[in-house]
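Heads up, the next two complexes both have chain A, just with different partners, chain B and then chain C.
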Partner chain A sequence: MKKIYCNIKKCLGCGSCEIACAIEHSKSRELNKSIAESPLPVKRRKAEFVEESVSISTGCHHCENAACVTACMSGAMYKDKKTALTQHDKDRCVGCWMCIMTCPFGAVTRLREEKIVLKCDLCPDRDKPACVEACQTKSLFLGTLKEFTKICST
Partner chain B sequence: MQYVIIGSSAAGINAIEAIRTKDKTSKIIIISDEKNPLYSRCLISYLLAGTIDGKKIWYKPDSFFKDNKVEALLGIKAEKINIKKKEIAIGNKEKIKFDKLLIATGASPKLEDIPGIDKKGVFPLRTIEHTTEIQSMLDKVKSVAVLGGGLIGLRAAYALKNRGKNVSVFVKSGSILSQIIDKDAAGIMQKRIEERGIKIFTGVAAKEITGAKSVDGVALDNGSKHDCELVIIGKGVSPNVEIAKDAGIKTSWGILANERLRTGVEDIFTAGDVSETNDIALEESSINAIWPAACEQGRIAGLNMTGENETYEGSLAMNSIEFFGLPVISVGITKPKSDRYKEIVKKDAGKNIYKKIVLKDGIIVGVIFVNSIENIGIIGTLIKNKADVTSIKDIMLEDYFDYGKIAPLIKKSKRGFKEPEFKETIMTL
Partner chain C sequence: MAKPTGNPINDKLLEIAAQNNISTVWDRFMEQEPHCGFGTLGVCCKICNLGPCRIDPFGEGAQKGACGADADTISSRNLVRNAAAGAACHSDHGRDLAWTLLELGRGHVKDYSIKDPAKLKKLAVEFSIKIDGKGDLKIAEELGEVILKEYGQQEGELTLTKRAPKKQRDNWKKTNVNPRGIDIEVVQAMSRTHIGCDNEYKHVLESAIRASLVDGWGGSMIATDLSDILFGSPEPIRAEVNLGVLKEDEVNILLHGHEPILSDIMVTASQDKELVELAKKYGAKGINLSGICCTAAEVLMRHGVPMAGSFLQQELAIITGAVEAMIVDIQCIMPSLPEVAKSFHTKLISTSPKAKFVGMEHIEFHEKDALETAKKILRIAIENYKNRNRSKVNIPKEKMTLVAGFTMENIFYNLGGSFRPSYRPLNDAIISGRIRGVAGVIGCDNPKNESGLCHAEMVKELIKNDVLVVQTGCSGSACAKAGLLTPEAAFKFAGDGLKEICETVGIPPVLHTGSCVDNTRILTACCEMVKEGGIGNSIDELPVAGAAPEWMSEKAIAIGWYFVASGIFVVIGTPLRVMGSKNVTNYICNEIEPLYGGKWAFEGDPIKAAHLMVEHIDKKREALKLKPLICAKV
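The block that comes next holds the complex of A and B.
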């Protein structure tokens, strides 16, 4: 399964991934227009400070045994049978926050008013997710765990 | 190979899916005394409230049994298990053979032994049928008495308030949600619920449900009487162990399961609200009658029925509830009973924020977050993996706390964080 990995050694925590993610999930898909949208576009990726001069960009890990899918009481959070990605169907979401309760990465965003959640969908309209493309240090990587392991050791 | 499953809710459904990932062809028979069991039990109060439409209640599509090649015996009760002959007697005296059996019979509402409980207009809230029956009499109802201030009692109260009824909740103990959260958190929740017009009476219990054939009120143990046309009983649940017990399968509070979710009998497994397993925080045998535990146990039991060797690490109490826009989530031990436990608390009364972490020997065993619930899953992960959190103790309740802050613990941890998803952190930090 291909998903997004972050090489913490390379990440500067600059936040380019966050911005690219929010724009990609906006109506206009343009920075200057998207900041005027209502509701404001929401990012599904976070650049997080780890310790001095260490950062990580993190989001949904599409876990093999996804705790959010197990906990979801409405069936809105589910595993795509073909891709094994964790997907979210907002039309079935009831805003029970079971996924927020169980996500080990804090990767599910709650929309209080709408009573639904959002998370990484791996940018279905693009070849490469927006965050990976926007990453200036090439710490973000799209591929399998095997490929990521190989690239990190070289 | 013939698999048989008794009970077709969270545990049974997840077992079917798990079996089918490994065994595409063998026969699976499911026996369910509910006629339409593919709904989400957790959502029946949402349905009663009218906050979801009738479509969202369905956890799996109509075609689920067909898609998974399951023979579903619906509206039929499993009466008896013969463990020697490996067969089950069902309602119409037919016998069903099994090679592997899963008992996923769930739990039933505790019905109190109070006079008048059999009157028309008294309901527990456990099945979609209860919801339909309650709904069908709502036109004639002005006032409702809810007996019990637990999760289900309050969800019912919320639902009926949403339907425009006068709702009063009678709670025997001193505070609401006492099984799940502490007094401080309960106080914040109670205030919000009362502000929105639901009356809550703590320290009061019903002595009798009054009326001729139909309910006309409840007599309380403080001597007063409360008029109502509908009574909802929310006094918790007890596991449906009888069928297992009668067959000679080892039970205590629930059916005793080992770490493969097998019962004391070869080839017979158990999962969900009926099964008693290791509680990760308590470190003792217990039942956590919650949806996520039922689903995970169903999955693991299903896999092991096909011959896999999956280990169930145990369950953790966890609940997520929201009333009138105010959410609360709790995980693990939230009301420690000895001074071996330490608590870290952060409050912001103006914002209705309350956060508490319970520690034992440097390891988190429980957490409550009110209103600011983001990232609580990270705390839950620390509980599950029993990570020593001494180094991050002072920042865990801060707003900026996130996954990045636990990355060093994951890297250092020797016993936990085995899932492949943590490799990225362990490898590159």
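The block that comes next holds the complex of A and C.
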């Protein structure tokens, strides 16, 4: 299945993926307008500094045996049978934060005020997720693990 | 394949570019998309090496840089540095002309002369030079000296700011932005924005305003006036525009860049009999000069040299395959040109001591042996005619006529006729409600927009609403291509009131006033309108507005600022890079209006932007208690 992978050899940790993610999940979907929205749009991706010259952009890995799905008591977090993506139904979310506790990648974001969580949905309205398109160094990649490994080894 | 530009001529040449694997500005622009959000919002600070630091515009991450600077400080400092660079460009342009004037006066330069002695004397008097009994060259020498001294002046004020109405000058003094000298304000804009220096955003922005006033009422105004003195004051002139001005059977030479010191002498050299003969020897019918960017405007205004294209069309001009040489000096010259030219026979020649390009031949141009160098360059171009590959030639058929060459001075005659040469007819037309007001539509073209189409759409909407439009630079070329710079355009596009005026006087509804330094002609025209009386006692009371729908250069930022600080409402297409700070955005778009009378607005839709200008003009008309428009649509 297709997922977002990050090539840490190329990632500069610039944060362009974060901004693109927040804009894509805003009401206006425009940079200049989205920063004036209330509530402010929230990103589902993080560009993290690891150590000197190493950064990584992370988000949901859409795990096969997703811990968040197992831990979810309301059934809000689920595996989509067709796409195998880990999806989140915010209407069923009760804000217990168990998914946040169990996710080994810190990929689930808390919306404290609305008492729900947010996570990567792979941008259903786009061909390529916004973060992948925004990546200035092409370190973010959408594809299968096999394709990604091949690209990294060349 | 690049995205369509909305312009069929461009698109056709872009197809050829794609077939030949030539990358153009549109391709590279798309590779840059989406643009970095931090940079776009102005919240990326690269000023010191604690950083680079960024402010998270969505509020989750860092809200302060390592030094403690917040989005307000960072975006305002960035804007100041942009404005200072813009002002530096225009002021350097003026400096070169002042230097040429001085060297001419000293007798060190033989290829230039005083073409407008009346304007020389007038300007000398403004600079308090006694002209009685002195020859033109002596006056030129003294004037050159005095002007260059103003570049290094440390206290007092700029001579030309005295042209501004009293209220503008008072505003500048009250807000502490009245420039002291030309160079000092650019230098201080840099020093104040160093790490840990000026941090209070309103105070930081004062440097941007001061540096920009130096541009408008200093460097640029000097550049315009001295160009008129050295190369002749423009007169209305008919010419042609668009890539169709290139000729199949002549040596095509493009002049690209900004300073007329080079381009004007190239025009003289191109008429040299020996060179014309040489061109014929190589099988060409003659030498065909045409311009790109603001250089195009300079030689168009004074010699009627056709305008081949705007900033964005510089690569396309080469892709026509019919250009023997492109001669460049400074500003807005894409570093990509040598790469594009590799596929064709076009020779690229850089000439300015200020700018070299990888892959271009550099023949440095100096005032002392100007004509000789110009001829040498032309000879290279002519000799290159034999290398033109006919199978690669694709000259678009499209071209359009235009009338250009309007200035602050000759507009008297165009509006009043020699019988009554004054601004009275213009002011009367505004007072009586035939003309709603005046709008300056200026600036670059930008692939973020539809390559010049924004200009034409905006201007059509303005003249439809009886707003007389004045233009400069690439905006002028965009509207000229759309046929708006002809007297006939009044019948096609103008509202009834404006149409009546254009018909009576015989002018186009859109007046081309020159290159980007010539925006100062608009400033001085505003001063004249105030002086003539009846439509306000200061610039901010006039029913006027300005716009740069497709701005891209730092110079545009400086121009925008000097118009805003001089009391004019300015709408630009894409926002200044300050949107990451609500305080700075609110300050320059609202809070600044009571201080200067002008303010900024950001509107990407050219029609909506035109209406913002019309609304502003109406507001001013109302404040002046002017009559409603005679031909207003009910």
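Simple rule for what comes next: the second predicted complex is superposed on the first by the 154 of 154 C-alpha atoms of A that agree within 3 Å, B and C clash if a C-alpha of one lies under 4 Å from a C-alpha of the other, contacts with A are read in each partner's own complex, and residues count from 1 in each chain.
Methods note: a residue touches a chain if its C-beta (ideal position, glycine included) is under 8 Å from a C-beta of that chain, and two chains touch if they have at least 3 such contacts.
All of these numbers come straight from a predicted model, not from anything done at the bench.
Trainee: Chain A superposed: clash or fit between chain B and chain C?
Mentor: After superposition on chain A, chain B vs chain C: fit, no clash.
Trainee: State whether A:144 touches chain B only (first), chain C only (second), both chains, or neither.
Mentor: neither
Trainee: By the touch definition at the top of the document, which applies to A:28: first (chain B), second (chain C), both, or neither?
Mentor: In the superposition, A:28 contacts neither chain B nor chain C.
Trainee: Have a look and say if chain B or chain C is in touch with more residues of chain A.
Mentor: Of chain B and chain C, more residues of chain A lie in contact with B.
Trainee: Should A:83 be classified as contacting the first partner (chain B), the second (chain C), both, or neither?
Mentor: neither
Trainee: Counting only touches as set out at the top, which of chain B and chain C does A:58 meet: first, second, both, neither?
Mentor: first
Trainee: Once superposed, minimum distance in angstrom between C-alpha atoms of chain B and those of chain C?
Mentor: Scanning every C-alpha pair, the shortest chain B to chain C distance is 10 Å.
Trainee: From the superposed pair, tell me which chain A residues show up as contacts to chain B and also as contacts to chain C.
Mentor: none
Trainee: What part of chain A is in contact with chain B in the complex they form?
Mentor: 5-9, 46, 48-51, 54-56, 58, 61, 63-65, 67, 70-71, 73-75, 92, 94-108, 110, 112, 145, 148-149, 152
Trainee: Considering only the defined contacts, which chain C positions touch chain A in the complex?
Mentor: 34, 36-38, 40-41, 54, 56-61, 575, 579-580, 582, 602
Trainee: Residues of chain B touching chain A in their complex?
Mentor: 14, 40, 42-43, 46, 51-52, 56, 58-60, 291-292, 295-296, 299, 318-320, 322, 325, 327, 329, 331, 373-378, 380-381, 400, 402-405, 407-408, 419-421, 423-425, 427-429
Trainee: Would you mind writing out the residues of chain A in touch with chain C in their complex?
Mentor: Within the complex, chain A touches chain C at residues 14-16, 18-20, 22-23, 31-32, 35-36, 40-43, 130, 133-134, 136.
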